[in-house]
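Naming follows writing order (A, B, C, D, E and F), and every chain is counted from residue 1.
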Amino acid sequence: MKIEQFVNMMEEVAPINLALSFDNVGLLVGTDRKEIKKVLVALDCTIEVAREAIANDYDLVLCHHPLIKEPINRILPDEYSTSVMYMLIRNGIGMFAAHTNLDAANGGVNDVLANIFELQDVVADPVEGIGRVGNLCSPITLAKLIKIADERLQTKSKCVPANFESDFEKIIVKRVGVLGGSGGGDIGIMKAMDADVLITGEIKHSQAIEAATKNLSVIQAGHYETEMVVLEPLITRLQKFKSGVEYNLTSCESSSLR
Amino acid sequence: MKIEQFVNMMEEVAPINLALSFDNVGLLVGTDRKEIKKVLVALDCTIEVAREAIANDYDLVLCHHPLIKEPINRILPDEYSTSVMYMLIRNGIGMFAAHTNLDAANGGVNDVLANIFELQDVVADPVEGIGRVGNLCSPITLAKLIKIADERLQTKSKCVPANFESDFEKIIVKRVGVLGGSGGGDIGIMKAMDADVLITGEIKHSQAIEAATKNLSVIQAGHYETEMVVLEPLITRLQKFKSGVEYNLTSCESSSLR
Amino acid sequence: MKIEQFVNMMEEVAPINLALSFDNVGLLVGTDRKEIKKVLVALDCTIEVAREAIANDYDLVLCHHPLIKEPINRILPDEYSTSVMYMLIRNGIGMFAAHTNLDAANGGVNDVLANIFELQDVVADPVEGIGRVGNLCSPITLAKLIKIADERLQTKSKCVPANFESDFEKIIVKRVGVLGGSGGGDIGIMKAMDADVLITGEIKHSQAIEAATKNLSVIQAGHYETEMVVLEPLITRLQKFKSGVEYNLTSCESSSLR
Amino acid sequence: MKIEQFVNMMEEVAPINLALSFDNVGLLVGTDRKEIKKVLVALDCTIEVAREAIANDYDLVLCHHPLIKEPINRILPDEYSTSVMYMLIRNGIGMFAAHTNLDAANGGVNDVLANIFELQDVVADPVEGIGRVGNLCSPITLAKLIKIADERLQTKSKCVPANFESDFEKIIVKRVGVLGGSGGGDIGIMKAMDADVLITGEIKHSQAIEAATKNLSVIQAGHYETEMVVLEPLITRLQKFKSGVEYNLTSCESSSLR
Amino acid sequence: MKIEQFVNMMEEVAPINLALSFDNVGLLVGTDRKEIKKVLVALDCTIEVAREAIANDYDLVLCHHPLIKEPINRILPDEYSTSVMYMLIRNGIGMFAAHTNLDAANGGVNDVLANIFELQDVVADPVEGIGRVGNLCSPITLAKLIKIADERLQTKSKCVPANFESDFEKIIVKRVGVLGGSGGGDIGIMKAMDADVLITGEIKHSQAIEAATKNLSVIQAGHYETEMVVLEPLITRLQKFKSGVEYNLTSCESSSLR
Amino acid sequence: MKIEQFVNMMEEVAPINLALSFDNVGLLVGTDRKEIKKVLVALDCTIEVAREAIANDYDLVLCHHPLIKEPINRILPDEYSTSVMYMLIRNGIGMFAAHTNLDAANGGVNDVLANIFELQDVVADPVEGIGRVGNLCSPITLAKLIKIADERLQTKSKCVPANFESDFEKIIVKRVGVLGGSGGGDIGIMKAMDADVLITGEIKHSQAIEAATKNLSVIQAGHYETEMVVLEPLITRLQKFKSGVEYNLTSCESSSLR
């Protein structure tokens, strides 16, 4: 598969016009290899992931987070902001990012989360199209939902309860919002969509207070843990294109906080 | 004590010129009470804290976080951004914030943290004067330091290890940076000050990766837990002014995430 | 009548979308009173008007000029920009402003002025929809029109004559523009609408010269005097809603310049 | 006298570095005449003043207000903003403006006003150096001061009394601020300089309320009337340079509002 | 012909809405002459052109380049940016500019260039509507096209060859872009329109490298030489209006670089 | 020599703090090679220069013009703005730019030009420190100076004569300014330094007219031709460091316009 074909395939999976305006997505590092045969899939293109790609002769790294966040005016192998980029180019390996467009896409991060929690009648947030809200089969306690989140996302969540209620057993939740990664900016829209609780990756202290005051519980399940769940379904989806490309999940321990 | 005298006293404890330029500190809600006799002390002036102040006839609420973050052009009792302010004014209760100036002050948030971890030869960060870096009595493992943090801050920390090292027992730390609240923006300065590890409240996913890549471990001990430790020492310090004012710590459960 | 109902009623009288973009109108200070029974009506919510509202147990002050012009980041009882606001909230009294939306509204400030001068075939300015232009029954001298203005608006006008003509008896006017308050920014549009003379509240020196040079006479009849005329018709209109609310005009001497 | 010499002479009378930063002062329209022999002096270079200058063969018009306020990108004889400029250049007549620098200068607008009211121990405002504050020989009523202002400035003043006091006989004033032209932006500095009353040319409605609330009376004596008093002393001063130049005050009726 | 009629006539020849947004075109200096009888036509209204206009009693100067590029706040006879303007107004001579609107207009600068090179199937650039691209009758070498350009534009061109090819005989061109004046900003659009070579007036060093790298040859034929060709056709066109106006090309040597 | 040592050596030759603020200079593309043994020197790092560097195993390209002018957010091998950068990194070759700092440095571009024209009592421009002005041994005609420039810079100059004088033999020049590259922005400073003529690389049409009007002749000798003269002296200077590095001038034909 040529790199142009890979780019076209990804456009079907995570269309670039779904990305937020500040985002930097798509093919961020090109490649001069004629054929893309092996793709390494990871949440972040860390230096360890880059080393794995080099050691195992990958042609491309496919990630959720962009490698270049702020525009650069020089590329040096020994500066944090450009060192991984330098390593990749030096070895002819490309890098492709599907970030907020993959958050928003059908079958993307938040659809995967909605599936994991078996939400029903799922709708996308009407403002950015990223978060999802749906109903549990039956109402459960907040304490129970935290336990489910910990099991299914393999994490250890923290929680801010609605109205600062100290007993998590006393809060009953039915309507659940999911938002992988940083979700604190969407408290208003989650309330407008009538969510009882928001499951997200990370949330700032002041946003947690805002949520509790507005009678919205928030389960903070980890940025890494709420996003890495998309990687296997993404690979499965790409494999269906039957392009002969080999996709592998990174073996690097990359949960940033544990 | 008159409110003007209280303001002057706080200026000794947390001088306003230590605050960062974006911050909104000092007397944010005035009071028409002649005498300040009872002061309620809390990290945040939540709606619960405001109710406690009203129910117990406090004259003033003294907080770390400002009640007004963005300028407002109307005050309504039923909107999140102004409802607490309305409640306070309606009941004649004032509100005073000591935020980044208290972070930076002698005996403030970060000096308290440095004491808790028994750091030696403590220096303030030379850029903003907020963070502190010092040495442990003797080198210990990262795993051990996490345990100490959990005990002394009564928290359940998460950690990103330097260089993504999977075994926390293998990382030895000696020089420790402390930064209550959100500390992810200071990774560069902490490295420049030769810290092995940063103990902070909350850190974003991308900042955690930056720290690990730069060979800095980070212990995320909770925004609330790394800041509330200042409140009792602050009360002790204010009591030394012997003004006859009664200071009480809020009884509200305000840990936003647990 | 609940405050929400009052807000809805005012929306019929002076729709908020008629306000200019810089303006700050509507409910600027909320109230926690269950019922709005007494409303005090004034051009400005001065400290005297606030004292009158408190002394006579009003629930709301309804004014033409907004109480908050620039966004604020603290509320102190002893600073000019927030002291009246503090007094109102402290006593549970709300404050509602209908400013440029009331200037523009049907039956608002400028329609009242057009009535006072018995203008015919009245049209609104097509740019902002605020000023009005119409014809006198028959042509009169500028001197005569000044006399009429002084009588009907109970004021002592000053005048800049078209083309700096020294004898006001020699200028004949037929088509009259009216614009309560500050009208100097609308000289161009008044000329475009073929007005012979503009009756307005206040005008700057350089604007007066511009008007005279462009062959437009201007009668400066006072900011207060050209706007307070709307208050009684406004009360009459609100009384027609038969809501049981009592409306009273302030008894404060509030003509700012006399 | 050459035009360069005239410019140098004016620099002694009203140094350009005294002007406020937004202002446009100095030689605004040059001249190709070899000798400046006749100078016409006026507050504003209106079209009537320009006609007078042409008819009587003046070489230069010297004014208080600048002819060009906003930068221009074309010069047309039939547009308000450039028509006077065109007339002057067409006839070889120059135009010189001394505006806020003449307000601030020794012997300028505000020193002349201070003399007129026989103020003692006069000081300039320390912020912009424009306004002046001094003491009357003995305290008098506000009513009396208004009468004096009307007589000495040949005007018909309006007044906003401190604290909205309705009886002007009851207000006693001793310390007087003077500020020719628009003075409403200086209420704070006048209060800081302990003025009881400000005599100025024009003031906006909202500024009048601010002054009254802050316990400062304001006498609005007319923009024209508070500035034209500088013209004769200015001519006297220029005549002392004994340059042989003839200076004449315009004969145009230019009081913009009467 | 009145000046208003001249303006209307020019609007047919070079409509103002064709000008780029940064441009300053149309009647830049008005005139008080009743009749426009003689018009001097030049590329630039230099001081020499102004002297010629004065000496020969022209009523108007018609130029390609605007006399005022940046807005001005004073007009002095001895400063570079306003001296020509002063001379014109002083003598009652107007000045009219047709710049990027004449570049873009039918029969304007670039249509004239397309005619000179006998291009066929000419199209305007779809972005700004200024440049033109068309085909030569038959393919020729770059060396030959340079020779033709030098002959027909009476210039001595310089050239950057596509792909830095050192032998101009080896490059065959068929599709030619023309762009009078500064053409370096349009390399992308010329490539998108499939031009083999761009004939323009001046081009910056870095733009020349960009063109060569992108396989586009550029012939730099001189800013003056690529634009002055429009003047005679412009006069011919204006003469067809049979208005009785006399048009003359300036006799000043104004080729700025030779 | 390590790359760090090369960077330090260049800092002596062309200190980075001499660069203008908009410029992007220094090591723009890093290298992972342990030793810098061969350096290719060129005015621009064109695609041909990059190919030469790769084919001949150079470790570094040293250029006058920066490879990255505007910050980038992706690096693709087939886009003009990043393709050369990609080629260099892919082959481990670094890129170093000394631009306006080399223009300004002692022994830099403009000192070399001053030497070529044997100027005496040479001074740098006091504003940016880039241009140089000095005196010829004896006055010569402009025609003669053009001939000298053509011979010594191996170019074919164009010229705009002072005051649009048509006969270059009639202009006598003594004091000469030199400014490699684009020099049109410095006409004012060259006049202030009393230059009779400016020798520069390229100048815009409007700047040429400004110069002629201000009585300054300008010889436009080519951007490439006025800058490439620095390359051999630069190599000579670097060789004096006796670092064992081999420096070679590019063999690519890179004169962009000829």
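We take it that a contact is a pair of C-beta atoms (placed from the backbone, for glycine too) under 8 Å apart; a residue touches a chain by one contact, two chains touch by 3 or more.
Please read all numbers here as calculations on a predicted model, not as lab measurements.
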| item | value |
| --- | --- |
| Chain hops separating chain D from chain B, counting only touching neighbours | 2 |
| Graph separation of chain A and chain C (steps between touching chains) | 2 |
| Touching both chain B and chain F (chains) | A |
| Farthest-lying chain, centroid of Cα atoms versus that of chain D | A |
| Cα-superposition angle relating the copies chain E and chain A, to nearest 5° | 120 |
| Centre-of-Cα separation between chain E and chain D, whole angstrom | 49 |
| Approximate Å spacing (C-alpha centroids) for the pair chain C, chain F | 66 |
| Averaged-CA centre spacing for the pair chain B and chain A, given as whole angstrom | 30 |
| Centroid spacing, where centroids are CA-atom means, of chain D and chain F in whole angstrom | 55 |
| Multi-partner residues of chain A (each touching 2 or more other chains) | none |
| Touch-based graph of the chains, sorted into line, ring, star, complete or other | ring |
| Chain A residues within the chain B interface of the complex | 44, 46-48, 65, 69, 80, 156, 158-160, 164, 166, 181-182, 201-206, 208-210, 212-214, 220, 223-224, 252-254, 256-258 |
| Chain E to chain D touching residues, read off their complex | 24, 26-32, 68, 71-78, 82, 85-86, 89-90, 92 |
